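The structure that follows is given in the form of structure tokens.
By written order: A, B, C and D. Residues from 1 in each chain.
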Amino acid sequence: MDFTFSEDELALREAVSRFLMVEAAPEVLREIWQEDTGRSPQLRRAIAEQGVMALSIPEAYDGLGMGDVMWSLIAQELGYYAIPDSLIDTAYVAAYLITQLPDEVAQKATWLQQIGTGELRVSIAHVEQQFVADAHLADVIFYFTADALHVLSNDAVSLVDNPSIDSSRRLFKMTPVTPLPAPILEGNAVAALYAQVNARGAIANAGQQLGLAQRMLDLSIDYVNQRKQFGKLIGSFQALKHKLADVVSAIEMTKPTLYRAAYALEHDASRAPLYVAQVVIQARDAAKLAAKHSIQAHGAMGYTWEVDLQMFIKRSHALQASWGRTSEFEHRVLDALLAEPDLADPCMTFMGLSA
Amino acid sequence: MDFTFSEDELALREAVSRFLMVEAAPEVLREIWQEDTGRSPQLRRAIAEQGVMALSIPEAYDGLGMGDVMWSLIAQELGYYAIPDSLIDTAYVAAYLITQLPDEVAQKATWLQQIGTGELRVSIAHVEQQFVADAHLADVIFYFTADALHVLSNDAVSLVDNPSIDSSRRLFKMTPVTPLPAPILEGNAVAALYAQVNARGAIANAGQQLGLAQRMLDLSIDYVNQRKQFGKLIGSFQALKHKLADVVSAIEMTKPTLYRAAYALEHDASRAPLYVAQVVIQARDAAKLAAKHSIQAHGAMGYTWEVDLQMFIKRSHALQASWGRTSEFEHRVLDALLAEPDLADPCMTFMGLSA
Amino acid sequence: MNLTFTPEQCAFREQVRTWLAHNKPSKKLKSYDTKEGFEEHRAWEKVLYEARYSMVMWPEELGGRGCDLIEWLIFEEEYYRADAPMRVNQNGQLLLGPTLIEFGTEAQKKRFLPPMASSEHMWAQGWSEPNAGSDMAAIRSKAVREGDEYIISGQKTWSTRAIYADWTFGLFRTDPDSSRHHGLSYIVVPLDAPGITIRPIKALNGKDAFAEIFFDDVRVPIDNRIGEEGQGWRVAMATAGFERGLLLRSPARFMQPVKKLLELYRHYQAQVDADLSLRKAVVDCWNMAESYALSAYYTVGRLQNGEKIGAESSINKIIWSELDLKIHETAMAILGEQAELMGSAPHAYADHDWMEGFLFAQAGPIYAGTNEIQRNIVAERLLNLPR
Amino acid sequence: MNLTFTPEQCAFREQVRTWLAHNKPSKKLKSYDTKEGFEEHRAWEKVLYEARYSMVMWPEELGGRGCDLIEWLIFEEEYYRADAPMRVNQNGQLLLGPTLIEFGTEAQKKRFLPPMASSEHMWAQGWSEPNAGSDMAAIRSKAVREGDEYIISGQKTWSTRAIYADWTFGLFRTDPDSSRHHGLSYIVVPLDAPGITIRPIKALNGKDAFAEIFFDDVRVPIDNRIGEEGQGWRVAMATAGFERGLLLRSPARFMQPVKKLLELYRHYQAQVDADLSLRKAVVDCWNMAESYALSAYYTVGRLQNGEKIGAESSINKIIWSELDLKIHETAMAILGEQAELMGSAPHAYADHDWMEGFLFAQAGPIYAGTNEIQRNIVAERLLNLPR
């Protein structure tokens, strides 16, 4: 039992954090938000050069061979800096997806290598999903139906742009041009693969929400420590203190839940989808609480476009239903609690965490 | 449109309140709580002498002929003073029930007169209800099944005493001795009557909860205005201020809902059951909030038997599911909202309040 | 207690309903936080005014109908149920208007009220300053008397739609040696006066919903003062509570979104019914909106009985702002993937722009006195807890 | 990161599980808030002690096993899943024990710790005074030095089960001219000393769960002081945070009621499924309990890496106390009509006494430092907000 990160993992997180602190400072973000594309090719290139795109790529394909546990830290950083890009979809989720494809899939090696170098941009779509992020820029779109996985290029789909409140997001209603190309995977394996892919998307969503919550909290602490009313720093008023205390509590109590879920995924544990559901619920709640109390801590400033807070609030709001409605995750937990009467046995916390 | 009480109504409430302030002071209550019977015949007699038992009795039977609107005030007083008796069941609910019985029922007049004078004690039971309050003392038990109403004496039932956390409550699991006597009412009329009877029980429950909430709030205000910590009255700490502000908000916002429901009942409005459901939900929530914040305001004192607060908390807890689970009332509201799309139309607040 | 409307009240409702059905704009006006939308709303206000529906409670000679509070509630119910345009001049009409009626001279009333009712004059409030938000008594902007004029200098902020408006009103320090609540005066200032600079502030929705107003030796006649010199705080507070608590936000304004929330529920019923808590949230929203409506009528009853309403209006402020948040949060939860879309997105929910309301609801617990301040007021003034 | 237990940890779990299966009392002991139940629990503590399961983390020479924190968590998991009796001497074992280990002399450790582990000495805490509750630095009880003795006078309150206990510990003012945190000393006092009067205080459940202790010139040797004279505050605080945050309430203590809550859910599944919000409440309870458990293990990992835990323990206090309330409130909502029954009622829910836990849960946000104080600590020490 060693519920800690290695020094290497912490160092890598620290490196990514320091890098983003400079490269994705709020001023940079704000510029990107105001551009039509909502994207900065330079930023994405710099991130790739930093090695982030190669994190999940197996070492055989020149990647770093990291897994879900490392991503549980990196996703928080990408959330903290509100990186205006769907790069997690490519670097984490798609990279995982591709490694799971049969070796017969001819492009497998090329895709993995190109993800690692930052050349390839991937979107992932499911027939039941309404919107696809960054589909217009995607070199490859993995399109799941109930029992087939197709690879589409973005000229084989028709896209309708649906502006999000997060100006850096690009969401599209996507309709594939028919007939679809032959699937690269068929049958039961598709649903099983999608479940794994969705779990990665969902846990990354939770990780980003936690990072966003932390950022909103940090911005609020800064603000209440310099804003005075009634001759006192507003941070000295108990009502605000208690609100911010509740935010840090929610964040701190959720982190270990995130890490266990990541560990369960990395070790192919059968309960991994349950643990992912659990952290998605908690992380989204934590982020909602952080948004609500941060606006309040900022007073009227919190309602403005000028203060950085708004970008983090909007990104967090935009990600609330991405990779699945919260109610789907709640039902997953409920079903498990009913199906497995001993799930709440005090000795179960780390039971069956290996495959 | 005149959403106010008449001077007479307010005067009567005031008289009852002043009377109970003396006769049912916390010291009196505490004594009754510690007695085996949990009842004070003197107190009940005094209340009857005050006219409270005759409030609902038609004037033709020497009563005051008051209706649901007056009871919405009186129920709050009986809650505020946590009257250790199921007297509302007799004086309000049963009195209503009996007036609705066909004139062929021979005992009708006697019952009404005896309720008014305080001689008769009535319990009301339904086959689906688990416990009956004060069944051991009841002179008459009205026992509802799905399609029959029987009148039982308390030697025609077997009773198992089930102690409540509210030491002044006497709850019994009741099994009628079979065969049951011939019903005094049969067929569809029974369910319709029970719905009306239940609505009275439920609205009186809501009224009592509001009164209890107010009492818990008042006790808390007294306490935080005299208890000092850190050299200051604890009532000056923002965290406690805001808690108590939320309690008074909940109470004040619920009162008009109570009064509309009572008015709707009194005028036989078809939406009366919906409005009753609404106030039951709100009043129970208000009382729960009051209990929670009052304990917190009292600190460790709130956890003791010695402080009066505990009697009001326990009574409020004991009444939380009496006359129906909250979820039944929630479903009633939900069903109405789905069935009647215009229910939330801004012009609907007072629509259809006559029969 | 009689909870039916009189025949006269029913007739008034019918009349308002019919008039709105025939006169309200056939399509949704542009956002009044844009110049173009602002002028569209001004034009609509003129239509209202000409039919004497702009300020129904004002006396006839000021362009109103002398309605009582019940009629006002009825008017509001009909106005919101018709989905008529938002009221663009409400900061003037609801905050300054009643103050003028109570404290203004006859000349001031004649000068300011009719053009306010018609929205020929659009008003922006000038309460807050950069260091006087929740702590409004920390106001520093000065008005120095010179003969028959005040020379105003300083800065106001959070002035709603001030870049489009014609006039502002607020408190200014007329006694330079005073502090806190003392020595303030209530003054109105035309926004085209020399020395005024207005800088827009973008709101969450990206539009210029507020502005900072800089006063650089702006001269206004002393006739622009409402009430006595140095009595500004009292003048401002006299109407603040009741106006903010009830008139500023009529119950109908929240019942109508609850109605739309129920439509949304029915539209996505399968998803909502499958959710573990959304049905409860919908029930709660309706219950809260109903309570707020009932409480408004009940308050009117108490006022009719000669009671005064004070800190209770702070309860109202807390309730409506938190209700509005809850309605919109619930809608967002129902909308799922669509919840992040701008109202203009092709695949956004078609029947109502929930995003617009969601963003605006965020400001509810902050403006018109933060809910922290309101809870302090409730605790200190209603419950008599120590300061 | 390796989230599997080592073979040794698994073996320890198995050993505890087997031992408890064979040794735990065959029926539920009486409430330890009664004299009879108290002695039943004392007897059980002796059984635990003799098998060296009383204080598993203490060194072997003091009656423990020298377990690390992971083993302690495992022990707790097995202890609570076995529904073994509540720990009657925990205020001594968990609050005073670690303090003695850190600050006691060798003689004090030998004298006090083994009989504490065996519960031959039962300890009642003596922190609070009538005017020093949340504000513990307002302590007034005095200990005046006279030769080799302290003469103690004053009053303590909220001393858990003090009418049955043998000893008390607490802070006393040894410097009469001092104020607040200064001049206090940490002293232990036998409850049978001349000059001590104990008056029981009835708790919500009607039992004598606490007491007031009056000290009327009670003489104790200066050897009864833990740590230096005048350093009492530092001694008390050094262990307070961590102990209160983690050791006082292990996650297993809350996971077990969640397990019972799930049983209750299954028992009344139709009613719960029909409710608009109870299923969500059940899910939330499990999620919160899991988070608390995971957070305990994660905290242990940080401690193993040499990190210090400070104000984080206030987060734990808030979480476990509010979780406990939520579990019991949810259970009460499920129980419907049965929710008001005493556990002893013939038709109460048979498999678990929810009322007992519900009443005790009410005290959670108050004892061991109110949650208001805990939130202040989190804000001021963890987030560095101004005092």
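The rule is simple: contacts are C-beta pairs under 8 Å (C-beta built on N, C-alpha and C of every residue); 3 or more make two chains touch, one makes a residue touch a chain.
Every value quoted in this text rests on a predicted model; they were computed, and no experiment measured them.
Ranked by distance of CA centroids from subunit D, the top chain is C. The chain pair B-C and the chain pair A-C differ in C-beta contact count, and the higher one is B-C. Between subunit C and subunit D, the centres computed from C-alpha atoms are 52 Å apart.
Each chain gets a centre from the mean of its Cα atoms; for subunit A and subunit C, those two points are 39 Å apart. The set of subunit B residues touching two or more other chains comprises 237-240, 242, 330, 334.
In subunit D, the positions touching at least two other chains are 276, 279-280, 283, 372, 375.
Here subunit D touches subunit C in the complex through residues 276-277, 279-280, 283, going by the rule given at the top.
Looking at the complex, you find that subunit B touches subunit C at residues 1-6, 69, 217, 221, 224-225, 232-233, 235-236, 238, 240-242, 244-246, 248-249, 252-257, 259-260, 263, 278, 281-282, 330, 333-334, 337-338, 341-347, 349-350, 353-354. Residues of subunit B that touch subunit A in their complex: 237-239, 242. Here subunit B touches subunit D in the complex through residues 129-131, 160-166, 169, 171, 173, 228-230, 234, 237, 239-240, 292, 295-296, 299-300, 302-306, 310, 313-314, 317-322, 325-327, 330-331, 334, going by the rule given at the top. Touching subunit B in their complex are the following residues of subunit C: 1-6, 9, 13, 70, 74, 76-78, 80-81, 251-252, 255-256, 258-259, 261-263, 265-266, 269, 279-280, 282-283, 286-295, 297-298, 300-302, 304-305, 312, 315, 318-319, 372, 374-376, 378-380, 382-387.
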